[in-house]
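I have a structure here, written as structure tokens, and I will follow up with some questions on it.
Chains: A, B, C and D, in written order; residue numbering restarts at 1 for each.
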């Protein structure tokens, strides 16, 4: 039986992580399970940066961006020795199970910790990239998309005033989800994703046609992993003589008070993670699946690659 | 074969309706189908307020709240004679099919128009109440929730400054969805919905406990259809002596530039409605179903009642 | 010489009060003057709710709405006995001077405390009503105006969709400033302020003319102290048959993260209050005066009434 | 007597320009003066891109970022021949006077047009840099500051999560105003402006001290004209071993719906420009001067340099 749970956030932070921490702590509190907050992800676990958390310690955090437990990337935990040390520290501190909120690498670390050392773990998908398989959405994506949309909308104002094109680089090293969804939401003339080769010819033709129809601005959204914003801009300027500017949204996509969607999603996932551990389940990621929260074996999650919805890509072209 | 489509918005407006109009028009345009925008819903249909729409007529509308086609409620269309007249006008104007964006009443009108007069119709669920069955979300709900959250967050500031309770009335005549989701997202101490009886005793006890734990504010979210905000406030003041204020969010929940989610959802639904008509389908509502857009027979949609997720209600109590 | 300063917030809270507290504390800290935070305004002063504040105790508060010191209205302090007791408590706690952030009533209390008991006080104008004389702006007004504008803009969306009029009640018991400035900023068709009699005839004519010009929405902004929103709505409906809705913005105008303007203004005023006390000045309100912060004797401030700019009222009529 | 006024926006766009256009048009309309909108600044003037504007043509534009008249920079107008041609075109189109909304370069062009060719001009200061002398604020600055603050606040979230420093580059080629005001408003640990030499030693010491006090994030705001963000970051990383990231806010600072302040300011200036022309005044810039709008001779404006408030710089250091 679970008496004490550890919770940590790991990897790049994402808005909603605090809501997940809050839900984990308060659900456990209600069920009389102790919670230990572990600072700075796996790094803090290895350094025993533990703080006891109760009902009040998570008051007023849901609305905050980032993660009050802080986060980091940790080299030592990538080694088997590191993970064994971590398991020993969890045991010697009486921590029976671990809830890990983070991206694919962090979930993989959690899985190895369990496989190698028998520590029950539950993973929550927290990443603004939406690049984790087997869940409709990750914690933080919705907030990130709204930040992109609000920001690009501002660029459209000045783009129209000066009849310019803007190339906007958004998050997404391996995944074009943020580029695709935010590009659709602002009616971008072109969306460039890592999953597909860039066809500058087609992009130029498309923009050219829009211009002939009278459009006085042009937005191209490019995922950071797909192409350099500078390269894209050069192509646009060169091929169609459009005065082009570049904006790299960067880390502002990570911050901000989470949206309603992310608060609710993260709350549900945090709640479900404690309930799963209480039922003796482990080695799972909590996943949003058609409106329901389900536990999916981490093995399954990590052996799949999140696919980009190619029909949406087609649709985006038609609608812009 | 479909050569000309009519599109209208009906009933209470909701953010994202413009994105749905845009997607309908541009998808049809790409497939060489003409689109006629019908102003003021069924009212405008009966008055022949028709405007030809092409690619450019929907430029720059996606980001706007409300509906550029305007909306209304129409008594005449509730009669069989009204609907027959409408069908005649559609036919005499060469309009082969109708896309209707609106709430349950509007979809019901569309269904009757088809059943009685054979006009192919597709419905899109557009209402901030999220009270339409068989779809995970309706167009506008996500924006409405974020407006509620931003607004209630402001009330929390002043509630804390003055150590007050606030009773906030949100949309939802028959459905507690907006109250539940926004209440969860702001960590409301109590959420009152039409689907459940109000237990003032339990609410008072809960608030009392929070106060003893040191909370210096208290938010109670009540759906307009569940109880009067004034009654709720009186109970809270009377039972626990908390200085209480009331805020009725009202129509600000209807407006605002749509969120990324609503823009993408509405775009997908508008796109799907044209594709469905092209494939000879009709009498359906486009529905969000586990991340996919599916057509569901209007008959099925309208014979079901949207249920409130009772597990979420329980969860909300534990987390706040 | 001043060794210890007390700071409190009093009356209705306003966004930016935290920035003023922060600036007061940090300026004093740098100059090696101790600061005592007094909770709940004059009430907490009489109850000796004192907390020592240093550099770190005001970290991260600038961005928050409301006031971390909380606020209240206090009957006892309105009596001479109450103020004498307060002065005694300040002296017995070694507090040499008091910085009071609040509205006219609170500043008046501060003045009396000084006049009667010789406690050096500095007042900062903190109120969203902008009804304090001798200062261009009060702390919180700018944030309040932006909240009004964002909210009314949402109403315009739905007003246009349904071709309706909206009567929006904003703050301002004795002062029409918020109504006038926010009304101008949203292009309201009519602005009703306490400083002028309401001319329903003229309003109706104006709205009627706008409608004939093709406007499909109508916004009337009314200060709470000028007329009941319901009365205004009845007049509009009755005289010109416009379907009219009412929205009372209420307490959401008090909250929200302060704007850049309010943060800078409050910071400058908090800073100036400490510098003034160090220079031996007291009995003054810090005022924004043509871009400069100046100390104005409280006597002068309190013997003047803030006038509404009648030229702006005329302008608003011409521009809408 | 003035019968027809031309209005144009020139140089970099700024939020609020539309409110200024609207006010110019509607004030003239009320006084029965015709208005010609000139597209694309001086460029469009030389190309005779004229559009007649009346009351309705400026409906719904106040809330929009950018400028509906569009803008550009124009080489030809920098020559005397260009300006003479422009004057001839104005005369041959019956345009008696010109209202120019733009930055210093644009106002200078306006002044030369008047000096050389006798065309009455009024300038309105529209630039987000706030680098025009003799006016407290320029149109667009307040919106720009709020965009900076909201954006940097998001960076603070992720900075705290990862205990990082961020160097944020904001607008300001010759002026540190935006860096100073936004830096103060977010509590930046260092603010780097073009008006002062960069003292990396002092910055490093300051940050080091903050860290020892327990601060887990660090924000450095740098005006684009003061130093390269990369250079600053290298210094911070090198001197104190802080993991540092860079964000260049870029063009998003230009866009966005204008704040209440910018809408009111721009409206007042637009109104005043028409009134001034009606009174036979010209060769002036409308200026915000201690809460009042005043006309200042362009000669005086252009012969002064906007000074940075050095006391504010000192204050910013003390408060952060």
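Note that contacts are C-beta pairs under 8 Å (C-beta built on N, C-alpha and C of every residue); 3 or more make two chains touch, one makes a residue touch a chain.
Composition by chain, UniProt nomenclature: A, B, C, D = ATP-dependent 6-phosphofructokinase.
Quick caveat: nothing in here was measured; it's all calculated off a predicted structure.
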Q) How would the subunit A/subunit D interface be labelled, same or different, where same requires over half of its residue numbers to be shared? A) same
Q: Compare the CA centroid of subunit B with every other chain's and tell me the farthest one.
A: D
Q.
Quick check: how many Å separate the C-alpha centres of subunit C and subunit D?
A. 28
**Q.** CA centroid of subunit B to CA centroid of subunit D, Å
**A.** 40
Q. In whole angstrom, how far does the Cα centroid of subunit A sit from the Cα centroid of subunit D?
A. 36
Q.
Show the residues in subunit A shared as contacts by 2 or more other chains, in ascending order.
A. 153
Q.
Run through the chains and report each pair that touches.
A. A-B, A-D, B-C, C-D
Q. In the complex of these two chains, what residues of subunit B are touching subunit C?
A. 9, 13, 15, 17, 64-67, 70-72, 147, 151, 153-158, 160-163, 166, 216, 245-248, 250-252, 254-256
Q: Quick one: which bits of subunit A touch subunit B in the complex? Just the residue numbers, please.
A: 22-23, 26-27, 30, 55-56, 59, 62-63, 136, 142, 145-146, 148-149, 153, 181-182, 184-187, 213-215, 257, 259-261, 263-264, 267-268, 271, 289-291, 312, 315, 318-319
